[in-house]
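Have a look at these structures, which come just after this line.
One chain, chain A, links the two complexes that follow: it is found with chain B in the first and with chain C in the second.
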Partner chain A sequence: MTNSISKKRGLGFYLHIYRMIVIQDIKSKMSYRSDFIISTVGMIATNVTGFISFWILFRNFPSISGWGYYEMLFLYGFSLISLTPVQCLFDNNWSLRQNVFSGDFIKYYFRPINIFFYYQSEIFDVKGLGQLAFGIGTLVYAWAKLGIPVTVLAVVELVVFLITASLIMIALQNAAAATCFWINNSFYVLDLAYKFRDYAKYPITIFGPVFKFVFTFLIPIAFIAYYPSLVILRPDEIPVLTWLSPVIGLIFFGLSYKFWMLGVRKYNGTGS
Partner chain B sequence: MKVKKYITLLKAGVIESVQFRLSLFIMIVGNMLYLILIYYLWNAIYASAGTDKVNNMTFSDTLIYLVLATAIFNFMEMYAVWEIGRDIQSGKMALNLIKPMEYRSYLFWSYTGGLVTNFVATFLPTFIVIRIVTKDTIPLGLNLLYFLVSVLMAVEINYSIDFMVGTICLFTESIWGINIMKQVVVLLLSGATIPIAFFPETLKTVVYLLPFQAIYNTPLTILLGKESFENVVMMLGVQLFWCLFLGIASRVFWNISVKQITVNGG
Partner chain C sequence: MKENNECAIVMKGISKEFKVLNRREGLKGSLLDLFSRDYKTVTAVDDISIEIPRGQIVGYLGPNGAGKSTTIKMMTGVLEPTRGELLVNGAVPYKNRAKNAEKIGVVFGQRSQLWWALPLTESFNILKDIYMIPDQEYKDMLEFYQSLVDIEPLLHKPVRQMSLGQRTLSDILAAFLHNPGIVFLDEPTIGLDVSMKSKIRTLIHALNQEKGTTVILTTHDMGDVDALCRRIVIIDHGKMLYDNDIEHLRRFFGSYRTLKLRLSGDKKAQLEKLTAEIPECSVGITEDEEWITVLVDEEKRKVMDVLSQIQNSYTVRDMQLEEISTEDVIRKIYEDADRENGAASEETEEGSESK
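Moving on to the complex of A and B:
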């Protein structure tokens, strides 16, 4: 239903709508200023503790499977940046369960616009920007310490890979959130998917062959940071999977979108 | 004091938690994946270190410590801060306050059912598996008894901290930020992320003066059974102190704060 209409509209139209919806959201957030400040501090505290854990770990051990302190920091920074879009733009997935359960979700069917787009654009999570800043800081610091030359090509590659890598976590979260159309207590599924964020910051080589396969092809968290960052960290031995990672990001995002929309079509409301 | 009302809440909690079998299953799957991560990560770390012992901890010691820390976290985490926050935002708090039972005890006992189920469903299996995997590194003796006593106190300490943090929500009406801050601070300073034995000396001194290490580090160190009897008694003593101190402090803080609360509808 929504698809036939949306095909006639261009990207500009959607950007315009998005801007209008997000401005409303930010206005309403600003009326809870203390919550906003505390949440941002909380977000930064999370990242700082992650940083401290690394620091403590590397005080005891010089390297992990041939990955040094600054290389690990680079991975960490990379993962923080590529996890920002899911935090900022797709945070409404967390409320999907309540909306579906209470029946409020039915209202989105009456919007003359792509339902997935409209639902996700309702919330813009500002505190994710704190994470972005911290991630960029970590990445730049690690890059400088590693002494890797900064070229235009490297920066372009980095940006492209960051954007496509971010699609992986978005896809995982979309799929996890959409399970609420079928099962009742889907919070645990979403929470499980959220925990995968923590796995992204480690080089996939530490896992045995079985889990290397699982985390590459089934639950593709290795594409959140490991494979794409090899472009910068190990430019001499870039595996094919690194070059494929943008494609994999797009495929998984597409699949998760289809799954989300399948749930939308299946939903009957609660009758109230 | 009538014990019956507490037992009733406990029973209701057990029945409620076994109702959600699917979520229990997903929790167990998530837990297993996390344990796999810990296993491979520390395996790689120890392989790169070149020595068997780092800071007097072998690979199996570290593995047991971290795996059981996760298991304790899973059965002990009550998300009380969320519950208190939700009660405040929805206005349900007004109804809870007029119940013929102190809110702090009501909330605690309504959680205990879940605690019991989770202990049996997640902690015990993890314990048995890790004991088999690490080939009997954990002694089976009096240390188990001390461990149980220690875990009970850890539950109370953890709950008191949760309750105090939840009380802060009365003033801020912010739940997510407060909760996430509490969680990361507790997990790091309690040794649940990295064993405290690996901390640098100055940080270690500070951490031992704080109550958080009494939640994970104390029961786990006792369970590993390497400490002398005097040390165990001292550790339990410190735990008891935090138990009483935080128990009283959280009550006092709540009683003062609740007088200032404004409840939205309900």
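Moving on to the complex of A and C:
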């Protein structure tokens, strides 16, 4: 009747399924042409205004905590790139609350695949790609202006730390979204986590010792751009902790996943 | 355990309890609730034992909040039973959710599980890969579907553009696509028109016959039960009230007759008045709101006697006398159980409603 041998579902399987769903998702999004154009324009406007306020700030203060214009620009570009994965791949976290509240979340239990994967795979936010392009442009421009030599090591470091930074941002959002399994008004938690990413664009040194501690150890947004940027910008004054950040990123991501799945186990659903 | 090979589902003494916070009223109350440890235990499912052989279609019935959804959630691995032993396809569903999911199909209420923006054929393609359905089996299944219903116009339509009926149909087809051993259908015909209802019933029947799929069907529509189920299980307040053949049930209520009446005037008001005037019979209105139904137990009182009483105070425009319908049987069972449980059960009903 049904196959008695349990089928193995490995990484290759998940990548394949993800690709299928994402291609279909993008295709269907493109079919709403006006919606696609408007949201693309909106995304560009958001990035441009963000950049303008950044630029105005720097016309008035040529340096912040000893950080010059191009260094800050580097930091800015770095944070934009590292925020791309969470924007593109994990955007469905924003709808988790409604899904859980309405009981629709139950459908994710009925497929023989990982629930976290299944849930996140449903949405691929194309708008994030514009942000990525903008971030890369900014970063490359700042890098060139700063005259930092392009070495293989520097590029590898950059990539590793970009991944680290992305993982931390994803972890923050996962954990914030998963609070909806326990509390009703979790939107504020998620919104707060979202706002934290704005702080990621500034050198941690401007915040004072208390927030420096908080942003390093409790809500590790300093790892999203500040510590990793130091590796490229100021290789002489890196705190030891920076080298640990890839590990910290992985741990935080792992913990946020566990927390999310704990919510899944705890969920009862609503009557139907 | 050899017996389990013949049984799709085995439940032994299954109970499910929920802890519910005793909520206080007002703003001050909700602030206090934040720190409250004042929980009460609500039993949504209470000591239920069922064995379901492969290939059977079982009607799983009960009023709203009876514990039907909770039972299905346990069988599908969403919830862990508080007590008891539950085996689905020979394995414990909660511990092997993903593995269990390979061998079951679920249509849960009116919540579509298909990809909202995608045409049905793309959803099917994704499901084919998720369930690793071999090409030939997949092709055969689609051909079989085509022989049952005209799926061609559905295939290229995005799910969000479908009517409720088309969507339900699509969801059912999707649930059977990987040829699962068991399919759970939760109110598959709710809100559908008569022709779509019958289409869906024919489809489920054909799939069950051809593929030998076990079907667990929860519904409030007795048409579904009459068309599909030979066995019914009835629960209320989490407890099992009945588990047997539908024929047996009709025989059991053999002395009952349903008197269908068309009276002049407002039906709702008549319903209330008649309920008071003939307390020994249960009075209702048919689904199409055409008839007033009076369920008479001939052992207690003759139908003609009841009819003449009614004729004294109402103008009867039309009447029919029928054997007891499944709907009436079920209503009777609910009512009798309610009378037995009395006020004591009201408390649990409140709590289990939202589960």
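One rule holds for everything that comes next: the second predicted complex is superposed on the first by the 264 of 272 C-alpha atoms of A that agree within 3 Å, B and C clash if a C-alpha of one lies under 4 Å from a C-alpha of the other, contacts with A are read in each partner's own complex, and residues count from 1 in each chain.
Going forward, contacts are C-beta pairs under 8 Å (C-beta built on N, C-alpha and C of every residue); 3 or more make two chains touch, one makes a residue touch a chain.
Keep in mind it's a predicted model, so treat the numbers as computed, not measured.
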| item | value |
| --- | --- |
| Fit-or-clash call for chain B and chain C when the two complexes are aligned on chain A | fit |
| Partner chain in contact with A:254 - chain B first, chain C second, else both or neither | neither |
| Touching partner for A:16 - first (chain B), second (chain C), both, neither | second |
| Chain B, chain C and vertex chain A (Cα centres) - angle in steps of 10° | 90 |
| Touched partner set for A:187, first chain B, second chain C, both or neither | first |
| Touched partner set for A:104, first chain B, second chain C, both or neither | second |
| First (chain B), second (chain C), both or neither touched by A:28 | second |
| Chain B versus chain C as contact partner of A:208, first or second or both or neither | first |
| Contacts of A:239 with chain B and chain C, given as first, second, both or neither | neither |
| Chain touching more of chain A, residue-wise (chain B, chain C) | B |
| Minimum C-alpha separation between chain B and chain C after superposing on chain A, in Å | 7 |
| Residues of chain A that lie at the interface with chain B and also at the interface with chain C | none |
| Chain A to chain B touching residues, read off their complex | 32, 34-35, 37-43, 45-46, 49, 52-53, 56-57, 59-66, 127, 183-185, 187-189, 191-192, 195, 198-199, 202, 206-208, 211 |
| In the complex with chain A, residue positions of chain B that touch it | 20, 22-23, 26-27, 29-30, 33-34, 36-37, 40-41, 43-45, 47-49, 54-55, 172-174, 176-181, 184-185, 187-188, 193-194, 198-200, 203 |
| Touching residues (chain side chain C, partner chain A) in the complex | 18, 54, 64-65, 69, 73, 76-79, 89, 97-99, 101-106, 108-109, 111-113, 115, 117-118, 122, 125-126, 129-132, 158, 178-181, 186-187, 212, 353-355 |
| Chain C-facing residues of chain A, complex | 1-3, 6-7, 16-17, 20-21, 24-25, 28-29, 103-104, 106-107, 109-114, 122, 267-272 |
